[in-house]
Amino acid sequence: MSEENELTFEQAMYKLEQIVEKLEDGDVPLEEAIAFYKQGMDLSRLCHQKLKTVEEQLTEILREDGELESFIVQEEE
Amino acid sequence: MNDQKYLTVSALTRYIKRKFDVDPHLRDIYLKGEISNFKQHSSGHMYFTLKDERARILAVMFAANTASLKFKPQNGMNVLLRGDITVYEQSGQYQMYVKQMTTDGIGDLYIAYEQLKNRLEQEGLFSPLHKEKLPKYPSAVGVITSPTGAALRDILTTLKRRYPVAKVIIYPALVQGTAAAASVAKAITAANRRQETDVLIVGRGGGSIEELWAFNEEVVARAIFESKIPIISAVGHETDYTIADFAADLRAPTPTGAAEMAVPHLNELMERLQNRKNRLTRSVREKANADAARLARLDRSYAFRYPRQMYEQKLEQLDRAMERLKRESKRFFINKTDMLQRHVTALKKQHPQQRIADAESVLNRQERSIRRQMERIFAEKAKSLTHAISTLDALSPLKIMERGYSLTFTDNDTLVKSTEQVNKGDIITVTLRDGKIKAEVKDKRESAVNE
Amino acid sequence: MSEENELTFEQAMYKLEQIVEKLEDGDVPLEEAIAFYKQGMDLSRLCHQKLKTVEEQLTEILREDGELESFIVQEEE
Amino acid sequence: MSEENELTFEQAMYKLEQIVEKLEDGDVPLEEAIAFYKQGMDLSRLCHQKLKTVEEQLTEILREDGELESFIVQEEE
Amino acid sequence: MSEENELTFEQAMYKLEQIVEKLEDGDVPLEEAIAFYKQGMDLSRLCHQKLKTVEEQLTEILREDGELESFIVQEEE
Amino acid sequence: MSEENELTFEQAMYKLEQIVEKLEDGDVPLEEAIAFYKQGMDLSRLCHQKLKTVEEQLTEILREDGELESFIVQEEE
Amino acid sequence: MSEENELTFEQAMYKLEQIVEKLEDGDVPLEEAIAFYKQGMDLSRLCHQKLKTVEEQLTEILREDGELESFIVQEEE
């Protein structure tokens, strides 16, 4: 998991897509499948976390931007 | 008659004209006679007939030549002509083209007069260059004439009347007779030697040409020419010109006229003086007025009348500059604000929310997909296992026991198929449908069936 | 049994299916049949265990994923 | 933010412009995009602050100029 | 301001107009703009002072000139 | 003023005219303008004095000439 | 005036005429003009005096011996 933490969102998504494709092939041995699945779920979680982080950052930015926003509105009146 | 060539009138006339023109005897001829039928055209040309007792000839004198005439030609006047004879084609008449015309009747005297006049003129005695200016206000006037003549009386009367302030000195001279010329010349010389006068009047009253003759003599002309004192000639009457007249600095038509020319009129002088005084006062007054007006104009000049203009315009300039400064600063500020606003708007368009949402939906799809696949795989595997197990189960050899059969195994789990496999006392396990029975071999018998 | 533990699910299934086929032939002496059957039963047990393990893993993964899951659901509402 | 405080208005505007351009290009990975966006918003806020400061100074100068202003008006009457 | 005090009115006006032109051109950095503006206001104040001084001088001269004025009027009558 | 006292009327007028021209041209620096104006006023006063003196002299001469004048008039009657 | 007393009438008139011309030309400075005027008026008075102070006209005749003797005009009978 530590290695995957260094992945970017896009890289993680790419890996996840590849795992889904592999699983869709159908002939995946059970143990491999569960391993893929586990890995896929980890990647998914990673992606979710990343999205969440991004989401939070955005919220923070929006909050900070609130004052600015109102300032501009005053300007344009 | 038929072969005879006819000349035209023009050709004949031209022929005759040429004959006249080439004849030297008809060129520059001198002709004398009496004028008749005299006409002067408005153009100035003179047309007349010259005749004597037995013959007549037409004559024409063009305006260019008439200017030099000293007399006005009249019918019956005897004249001396000089000119050319030629034919006037239009009328077929020959006529004289007159270049010079003088009156006839003086004869030798006149010729002598003309000759002397020409000579002295060429010598320069009559030249305007040698004419001296008369003094404006002579203090003494010299008169050279006969002390007994009427001329002197006329002169003295006039001088007294006009200009009593001037002194008069009479230099007596003979003005008629053979000794007259020398006498006049001597008087002129004497007056010049004595230097008492500022101007000289030389003359006599009118008379015949012979009576005036002294004033046509060279000695008089030269004395006049030599004189340092300006001389006014006053000989005879208005129409008579003598050599002295030409030589004098000024010619007066009569002695009275000479006196008038010699001195100013006292009254005129007074007027003149008054006039100068007036002009003096006027010009100074005008000058002072003009200067005052000029000064007033300057005083009234815009710069002086509206001195505040000096700084009012600057004030306006300053105000304008300030207005611009304020406007531009504000505009500058607004521009910067606008620019920032533009950038911010562009940035906001790049808001990552959508990207996040898109990514999330892709992620969720993948997640669902992986889960479905995993479930599918697990289900498939489980199903195949179940199938295998049920098939195995169907084929179980143990099914026989269902019908009451049992399987006997030695204590080393070997299926007992023959009595020979066991001995008395061995412990065996009997497997039944619903369990196992542990038993001890008590006996063994060989089956007869197999035998 | 120790040897068979090293089998994968698929290998065990393969062996099991072969045993079933043999038994279906019918010509197998009882003793052998019993042995096959016994072996088949072992294999079946093994496969079952493997499936169960996988199932447990799945459950575990799902459980771990629970919070995330609920978060996503909230997001999508 | 301390570094950006030392930027001039024009430098900040230039940086902001470049960030907008990068984002408009679309090839920016998500996490970078959010970072860029955040930076863009910070720059924008900085610019706004600077503008506001300038505006205040302007107002102050105009206020100081008040007497002069009234003087001009008197002149023009 | 001590330096500017030595300026003539025309020099001060020239400087002022140059400042206005610079602002019109818009190439002035924001932070400098306020300095320019302030300088412009100072120059304006200087010019106003100079104008006022001149006005006072003129008033004084006109007052002294009163007698002459009446003299000229008499002259022109 | 002592220097200007030594000027002739024409010199004074010339100077005055030049000052007027300069002032009317409007190109005179503000600080110089007032000096010019003052100088112009002084010159104008000087010229007025000179004109007055001339005027008086003129009157005096005419008065002296009066007797002669009346004498001439008598003569001409 | 003493100098001018020694002038002849003609010289005086000449001077007077010249002064008139100069003044009428208008190029004479004001102060000189008044001086000229004064001089002109003096000359005018002088001329006047000279013209008025004449008694009987003096008429003489040159005798043969070179002496002048008074000449009496004989009235025409």
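Read from first to last, the chains carry the letters A, B, C, D, E, F and G; within each, the first residue is number 1.
Basically, a contact is a pair of C-beta atoms (placed from the backbone, for glycine too) under 8 Å apart; a residue touches a chain by one contact, two chains touch by 3 or more.
Just so it is clear, the structure is predicted and the values come from calculations on it, not from any experiment.
Ranking all chains by how far their C-alpha centres lie from the centre of subunit B, first place goes to C. When every chain is reduced to the mean of its CA atoms, the largest separation from subunit E belongs to C. Between the interfaces B-C and B-G, more contacting C-beta pairs are found at B-G. Averaged C-alpha coordinates give centres for subunit A and subunit E that are 68 Å from one another. If each chain is reduced to the centroid of its CA atoms, subunit A and subunit D end up 34 Å from each other. Within subunit F, the positions touching two or more other chains are listed as 9, 30, 33-34, 37, 41, 44, 48, 51, 54, 58, 65, 72.
The set of subunit B residues that touch two or more partner chains comprises 270, 277, 281, 284, 288, 291-292, 299, 307, 310-311, 314-315, 322, 329, 333, 336-337, 344, 352, 356, 359-360, 367, 374, 378, 381. Of all residues in subunit G, only 29-31, 33-34, 37-38, 41, 45, 48 touch subunit F in the complex they form. For subunit E in complex with subunit F, the residues that touch the partner chain are 8-10, 50-51, 54, 57-58, 61, 65, 68, 71-72, 75. On the side of subunit G, the complex with subunit B involves touching residues 8-10, 13, 16-17, 19-20, 23-24, 26, 28, 30, 33-34, 36-37, 40-41, 44, 47-48, 50-51, 54, 56-62, 68, 71, 73-74, 76. Contacts from subunit B toward subunit D in the complex involve residues 315, 319, 322, 326, 329-330, 333, 336-337, 339-340, 343-344, 346-347, 349-352, 355-356, 359. Interface residues of subunit B, counted against subunit C in their complex, comprise 360, 364, 367, 374, 378, 381-382, 384-385, 388-389, 391-392, 395-398, 407, 415, 417.
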